[in-house]
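What follows is a pair of complexes built around chain A, which joins chain B in one and chain C in the other.
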Partner chain A sequence: MSDIADVALGAAGLTRARRLPVERLLPLGALVGSLAVGLVLVRATGVPLRDALAAFWEGVGGSEFAMVGSLNRGVPLALVGLGYILAERANLTNVGGEGQICMGGIFSAAASLSWGAGKLPGPLAFLFPLLAGTAAGALWGALAGLLKARRGSNEVITTLLLTFIALQMVYGSVQSVHLLRQPMTDSATLPESLEIPSVTQLPVLTKDSGLPLHVGLVIELLVAGVVAVGLARSAIGLELRAVGLNETASRRAGLPVERLVIGALAASGALGGLAGAVMVQGDQHYLTAGFSSGFGFDGLVVGLLARGSAVGVVAFALLFGCLRSGGMSMEMSASVPSAIVVVCQGVMVVAMATAAAYSRRRPA
Partner chain B sequence: MDAALESPAPPATVLAIDGISKQFGGRPALEEVTLDVKAGEVHCLLGENGAGKSTLCNIVFGVHRPDAGHLRLGGQRFLPVGPAHALASGVAMVHQHFSLVGNMTALENMLLGRARGRSLALADMAKRVRHLSEEYGLEVNLERPVEDLSVGERQRVEVLRCLLDGPQLLVLDEPTAVLPPREVGALLEICRRLAARGCGLVLVTHKLAEIAEIAHRTTVLRRGRVVETVTMAGAGTDLRALVRAMVGREVKPLEIARATPQIAAVEARASADQKEDEALRLDGLVVKDGAGATRLDLSLTVRRGEIVGVAGVEGNGQSQLGAVLAGLLAPSAGKVLVGGADVTGKPPRELSRLGVGIVPEDRHAVGCHLPLSVAENLLLGDLSAYTRFGLLRRDRMAATAMARMEANDIRAAGPDAPMSSLSGGNQQKVVLARELALDPLVFLLAAQPTRGLDVGAVEAVYTEIRKACDRGAGVLLVSSELDELLAVADRVLVIYRGRIVGELPAHPQHKDAVGTLMSGQVAAVAA
Partner chain C sequence: MNETLQAFVSSSLRLATPLVLAATGEMVSEQAGVLNLSLEGMMLSAAFMGAFGAKVTGSPMGGLAFGLGAALLLALVQAWLSVRVRANQLVVGIGFNIFALGATTFLYRQIFGGLSREQIPSFSALEVPLLHRIPFLGPAVFSQAGLVYVAAALVAVTWWLVAKTPFGLAVRAVGENPRAADQAGLAVERIRFLAVLYAGGCAGLAGVFLSVASISTFTEGMTNGAGYLAVTAVILGGWHSVGVLGACLLFGAATSLQFVLPALGVPIPTAGLVMLPYVLALVAVSGVIRRSRPPAALTLPFRRGGH
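Then we have the complex of A and B:
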């Protein structure tokens, strides 16, 4: 229990030693409270709480298979969340994770299917598409950064609008056989890509047991480590912080403000693109319209709740991965609408933000 | 209120501060401070930066709560829970840093917080404000966005806003620090009129001349404690004794400190091969604002080892001049040459590399990052020298920062102390230390370098600026403090509406001439 409390506290930017007990418990209370709201809503559907919870648990960790599913689902959420806190350090808000996932997915699929990644030797076969997806996401983020640095366009608007473009680009790319659509054999051929070659799929960590836990988790933890160390101890981390605090003073101090702004959004987008590539190469294995299914927006919420902490991102990504898995299972076996999970997440954001604001208002 | 003034009864105590103590993070900011303010009295608070003056004001205005002690307002126990409460109780405050919304007009700013539950009565408010501004001689353009107003005008907006409530106590936290000489007189006149109407005034200031002019009583604070409360005897008051009480030691006047470095500067100039080495040359520099109006149009030269003063009423192009030199604003026309090389439109990083040091006029918005540490502020532009594999070498940063803190007499808890925990004078010394560390240092712009600093810090800042001069850098000193300019600079240029309207050798006897030029009366001086 105390571990969860620590994570929640760290996530809210609080440290254990300095705060009054009331304030220490606030974020935890917010977390528990929002889950309670979920329970009330489940109860309101008329399904016995027991059945619903059993179904939820079945989806989260009831079997090894379910547990692996929850872990895998947490990976793209964490990557997008890490990208979010990276840009947040420079006081930039990247809400375009969904679009960056789309771009990452398209280019990962294209590299796997059309650009001969399958013929590359060894791990290059899956690394090349991952890189292609990452680069595409970086480009999508950098576009917003460029508009911000050159024209002063608000990045919240540009990243969001670029998301709509990217979503339609996924749709478009699987509509035409000249792009990524599978060959039309009859009129019922679905508008989606072929399955990507198995060598370009992410290697599975647990080979013998038949559980599909892929290397995405390793990538997630590696990236989290790099982001955590980078933000806390690197020169760029400090420069981003300085730019986020005061752009004019940073420019005067000789920092390349424009480059840092573009770079921060590009790096943030790169992680979104990587998330998209991991989704395509990890568990979906083909590109289909709407494959991103809101992971980018959930990832944004994960980043928001983590309040700048990479550890917080990993923890909240796991929580949200579980919520997604559990919600889907609840809908399938207990006919409880999985939208309740979304409501729950929304309440969590509001409650945690309130708790954080309340703690801040008190003098240190 | 007017009736109270005419009655001969002894003036009532408006505010009684009794044994107030306050700590911040374990460090005492105020310890058992006791003083009182009478109706119709101007009570000055004098003290070095960090002596606790602002904290005391903020307690009276309800921003901070005292840890011990209590306040009485008009005889009643008074514990303001916030500025709104203080305002409602008849306590108004003009802050050191203005609290106005930049892109709203002066009038809209005054309406803020006063329109609750009612429609925006702009016309009524305009009438009330105009009436007040005529009554007190506070001239303000009400229709323009506050960000377009000069600092002096902004302050008048602040004062007017306070007067709207008809306060019984008005607290002014260093109101004259940002004002040109002419407006200081006007502000003091307003204070006098308010006092004459029975309002109690608390005036925080560093400037002894003002205290001598207006204070009825002066309380000196040092390190959070009251040193003494002096009843002023007009011109006969011993101001030096006040300074001694404030600083805790004897302070040399600027004129005396000047003698030695000046000789050094002359020698530095002579050793530069007599070739009249130019540190800075501005050639037909023009800056236009968004509306196309010319804000700056001048040419000037600063030689190495020379301190050139730029005198002027604030808002006459000094900000634009500073921004162009800092590389934050591109000129509409003209050239900037540093050490003979054209640097027009170069970014700040490049300028620093070429030896252009800048002490910006707005310390908090441009000069430094308040939440970052002293070490981070000192080394932010040069982090690549303190990294290994991209990671910061905090130990090296701390060592360098410590050395610079010692060399420049920066007093802070340590290199990791956040900039915000330093007093204004020490913050300014950090900014100076960063710019003086440039190698080479060809030219230094010091814009309003002593704004809001106490006597001791002013002395330290000019010592540092002279160091730059002795190293052979040319210094452009922009200030609205005439006395300081005349004491420190070699020659003084007067700027008016963006143009240089006169040049005079710096000598105290030219004070009147410079003052007249500053107000735009060129013909009067020429004649």
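Then we have the complex of A and C:
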């Protein structure tokens, strides 16, 4: 009985309100500290701090072009992060965002190029590939869920293994002309797919800029809203939380634990697949080996740092999108290695995990 | 044909060596209940510091010392966070990998500069007296860098350590049931600390092998997933020394086939070969053939009097 009371209290946000303020300050300190590490490293390169920061800002929001780039980069990160916190609610750790992006990308490209999405009327032309990518990601997540529910296989291990398999599937699918590789006209034809038809590309919200803001941002905010409300207010959200807190008790209470576990990982994977479809249809417009370029791992980090909050995911995704954009700009116009941004992210993850462990230690 | 086969055996061994080194150490740590996804980062740091050490001291042994030091330092922090602070092991591991990738890339550009591919003093091949004259096998197996033989010895020592010594028994006890181990008077935290450091040392050797012995230079992100592959080998090997060794050799052979088969004109998609180790590991953990069961307390921190 007390389990259920705990769950109800937790869902109403009552336990959170009793927490000490220091628990909120620790992660903030970790965040600021890791950004400070970045500044120290910039100083170490000998480039004046002012120049480096100016270049960073130029890349993040200095122009409409830059701002749109930062926003677009944040979209797949946020989708993967939202998938992460969804599974996390059931105490499941989906580290396979990168692989789910790959599956989403492959099937979105296949739907756009081979399955006639271009001939569909109106918005169906871009919605069908998005859906195909989402379904592929869901399948990839569900596979891990099935192994967890039926065979007890640790989902951290299976989602990680499935990621490496999916990375090679992208590679394989653009190697053969029978799959997605563009027709070989000469020996120099790159192992990539053709460009997807323009009607299957994501519609653009802004006009007249080189790098247009696509509807991915709208999708991101919609999904964030659904996840936030679904986790906090819906019956399924409560059931996931119950399974996460105590599987045995949930089973005794008559919850369909297996179905919830499979469903949670499938939904988590679906968002990863959607992220992959958005990357192909929104930014890149063709499929190439390694197109996921670490977005899944960054999205995982975004999910980890958000600590269960959908708003947190959107905020950290924006931060990471900006870090990526700013880092690239620093490298190009101030010749500061963008690896500094990577160092910052690594320090941030370790520092936040440490802060989380310390705040857990205090009595609630 | 014979020469190709010889090259295949020789390159399989060379490609398997860093995996054998890293996976053998990781197996001990996992038996004690600590999973180090940071293996990748430890190897990469060791590969870089190995190259740096070899450059500044002018000797591959200097590289070995620097590389080992770097990996042990990371392992020390990982152990402290996993065991004492009880932070999430997976999160910390992933964080370390990101950090190591960033830090080594940054330092490489600052110290070696751009894409220099500067050759560093490296370990040369060591021919085992007499044995290297065995027809066919000799040149393929007994004419390798010294660290290859170290890897073989390490497997034997680790097997003995885990299966035959009180320390090995303690390691398995704290990994299976830390509470019972604690009540039996074992120092759970200290044993786990030592197990993580063992993994770190082995990962250090693996990283040094990559830069100082295998290709005599450092390249950005040169581990390229080898650390994760080593973790995979521990899973596929079912947390047993012999199984882990077999998994690593299999992965080495699969990687080597990618280069050998096209040379022989066999049309096989390389993606399938690269994927193979992960598919096998997935089959292993799903228990379709034989259930491979992880240590019961893997990734679970232990706290006296807690729950």
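In this section, the second predicted complex is superposed on the first by the 335 of 364 C-alpha atoms of A that agree within 3 Å, B and C clash if a C-alpha of one lies under 4 Å from a C-alpha of the other, contacts with A are read in each partner's own complex, and residues count from 1 in each chain.
By our rule, a contact is a pair of C-beta atoms (placed from the backbone, for glycine too) under 8 Å apart; a residue touches a chain by one contact, two chains touch by 3 or more.
In this text the structure is predicted, and so the values were computed from the model without any measurement.
In the model built by aligning both structures on chain A, chain B clashes with chain C. Looking at the superposed arrangement, the partner reaching more residues of chain A, out of chain B and chain C, is C. Legend: residue contacts after superposition of the two complexes on their common chain; A:Val40 is shown touching neither chain B nor chain C.
Contacts of A:Thr93 after superposition on the shared chain: chain C is touched, whereas chain B is not. With both structures placed on the common chain, the touch criterion links A:Ser176 to chain C but leaves chain B unconnected.
In the superposed model, A:Leu300 makes contact with chain C only, not with chain B.
In the superposed model, A:Ala357 makes contact with chain C only, not with chain B. Legend: residue contacts after superposition of the two complexes on their common chain; A:Val226 is shown touching neither chain B nor chain C. Shared-chain residue A:Leu147: touches chain C; no touch with chain B. Of the two partner chains placed by the overlay, neither chain B nor chain C lies in contact with A:Leu49. Legend: residue contacts after superposition of the two complexes on their common chain; A:Phe164 is shown touching chain C, with no touch to chain B.
Across the options 183-191, 237-245, 255-263 or 291-299, chain C meets chain B in a clash only at 183-191, per the superposition defined above. Within the complex formed with chain A, the chain C residues making contact are 81, 85-88, 90-92, 94-103, 105-106, 109-110, 225, 228, 232, 235, 269-272, 274-275, 278-279, 281-282, 285-287, 291, 294, 298-299. Every residue of chain A that touches chain C in the complex is listed here, in rising order: 41, 44-45, 93, 95, 147, 151, 153-154, 156-158, 160-162, 164-165, 168-169, 171-172, 175-176, 297, 300-301, 304, 337, 339-350, 352-354, 356-358, 360-361. Contact residues on chain B toward chain A in their complex (touch as defined above): 25, 326-328, 347-349, 352, 358, 360, 365-369, 371-372, 376-377, 380-384, 386-387, 390-392, 434. On chain A, the positions that touch chain B within their shared complex are 229-230, 233-236, 238-239, 241-242, 245-246, 248-256, 364.
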